[in-house]
């Protein structure tokens, strides 16, 4: 399936971009990115239009890039500023430039038409700037799988009991039904597991020993940003669904970036209403997340490899697939809209009148 | 060429299968195999019908397998016994199950229609249960080559002089003609090298110092089980062909299992009428076999790689190819029979009468 | 693009060929080469016509090769001399033999029709046998790139300033225009950089400290042999172009051999009019050449990888591309001539007269 181009994807954390040229690939497009002397991150097509050497093999001259083969030079807007050996700069001497937006330490890139890139639509949450919440960036998890399978996994609470039995799930949730609805452009899948033993994560970070009420809310924003709102509270409180802030609450964020059809990077981080300012706790949580995400990676890569093999039968769908099914449907609609929107006005048929 | 499916292939030795889930591939089909609590070995299609995760990535729950992604569970007959999150079990929730038969410490699998799997047709020899003979299992030799080339090599005595000059052959046999005939469903290629120095193998295990009569009988049973009856006797005895049991006699068995078009496993073992009960001798023979089989592997992999390259001319056939030629012909006939047998009754043409 | 077959390519240095069988690939054709007892180097198709084992996996029996599978034997002309197990030698039992010519320690092979192989057309220079000049063989640089890109780089002086800033070029030449002309079958690109600081190479080997006049003449002989005549002289001499022998002058030779579409070996060596007989200087020069050629290799492999990726736009051509453009045009003409020359006489159309 084609990628959705007119969308913001995460290229990396702010800390990933500085003076050096960084080569990366998003939606199959190779990019060279760097931070200019004014602090702005720029992203260019990573291929010199002359002999096609990746510009990331060249070097920075001020805020421009000089190609490493014959010295052709481009500025941060992709415009050629020098062709050694000649005075004129041909109109065809340019590289594509991409819209970039940086916020909360996250660098977003718009892979489609830059004139459509509206920074108001970049994903945001009020908790990023709420002093009662702590934000902590993790890493980028590299997965040899299609991004749709990675994103689908993030609107699928049912896998947690089986894939993460020691960290994020346990047997108590195996048969608890999943609710699915949509909230504007987001898909939400959730369930509460009431009055059950705490999972490993909250034994460690909630200090719970007795039974808890536990919730998982999976919000998936098209095309591929997920917020997993999960937490626990003492079962004695019988916490109402809307009072989750009274429990220990964590937002695990996943920015799922398609690299190629077969490769995805999941930049993960979290926001939490506990242990604010405690970086030791951040490190311990990261360690636990890494165990869980390595479990996802193994499953997702094995499924991806199987999808590449011949199939005797069409895969079946079951009750817990409601979230993934809605997600796939919306992605197909978005792809269809993008691939047809440039066709222009419908052509009126011409009738030829026969005598 | 398609694989022959309605046939018994060796999946492994009995010792290879226990409580753990074993993933393997035969005739291009991925399988998960394990031994149930009643001691029976079962073989299932290694792909969950839901999200296609290999079931071998899951875990055993009693005699069933629970998928590692969403917990869908299958018994040893491939029938789904649980779908977490719902009560009904859809009819499409199953995996294929394969017929398995275990005998003499060897596990056989029938890759085709299980209703055609007749255990009376599993390869056998009376010497397996003859106390005057000693059976010793070797290993599984992995070869990056098509199984037909591996099997063809086992009805081709002529290669021994050139590929195994220090172990199983020597120069005395280079020009001795090969006889080929068929015995029912088996192809037999053989030759006697009379009154010649013993080969390395029988210098060591026969205790021969003077000249010997040496024989090689290659029996190839379709699709790919080989018995190489070879041995030596003092040349002074002038041994008749049917008195081979009076010499030192070994049956080298090769169970050639197609994994993919480009990968084959040769499970090898031997039966012998000498050194019965002497496991030190078994180890010494295995060491010598391993030298010889590594020589075959090198040749077969190099030929396979060449077959993948473009060819300017069709390969030529020479006199010593009679055994391989008969084998290829019979394989083609079997494949043709399998691929056409499901076409049903010929359809009678319909004539439309015009006025 | 198809390879040019009716041409001499360098298979290796004389020191590379002896008694042992050497397997190599040129223009996509696998070859086995060895030196016979009379000192002649022979080259045969590296594939037995019987079961396709590479003959290089066999062994020499005198001046013949015995196949490692069934002992079929071929002489240095590719003629079969033995088929074990039969007396007659079938006419189809042969391998192709290629014309080989050895001169100045270099082994050339003609990949096309041997009857067209004219040793008078093997590349030569009078300086190979001039006692005032010193010849020194380097190595074979393996490059994962198409040979046309490698050869094009050798008629492109403009890349030197950017790819080799510390060894063979420096910033003084960045904007000096390149002249291009043709001399018979060779393409020549050259420029003089007058009254400028010496490059690293001539600081070391010319003993220059003040400004020099520096020249680069790139001669590219079809299909892929390059002579780079480069040197320096004290700027005070204001050296005329034809008096280059009065300066420190080096001919860097590159014999570019296509292995496959994606792999090339560049056998490089040099001739020099300085430090004659001084092998320590040879070693020091090689060390500097290796730095520069590793820089070329990195660029060429990155360009080749990019050429394999989908292209949104056609690459652009700029002023400095004149040499490469002429080269590409001549190669296309040669390929077209080779691929059409065997079509024979045009077939006269047949007219059928209707009543």
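A few remarks follow.
Letters A, B and C mark the chains in the order given here, with residues in each chain numbered from 1 onward.
Simple rule for what comes next: contacts are C-beta pairs under 8 Å (C-beta built on N, C-alpha and C of every residue); 3 or more make two chains touch, one makes a residue touch a chain.
Note that the structure is predicted; figures quoted are calculated from it, not measured.
Note on chain B versus chain C: their Cα superposition corresponds to a rotation of 120 degrees, in steps of 5.
Annotation: the chain A:chain C pair of sequence copies touches via predominantly different residues, less than half of the used numbers being shared. One simple way to say how far apart two chains are is to compare their mean CA positions; for chain A and chain C this gives 49 Å. The set of chain B residues that touch two or more partner chains is empty.
Per the touch definition, chain B reaches chain A in the complex via residues 30, 47, 49-54, 57, 66-72, 83-86, 90, 92-93.
On chain A, the positions that touch chain B within their shared complex are 158-159, 161-163, 174-175, 177-178, 298-299, 302-303, 306-307, 309, 311, 313, 315-320.
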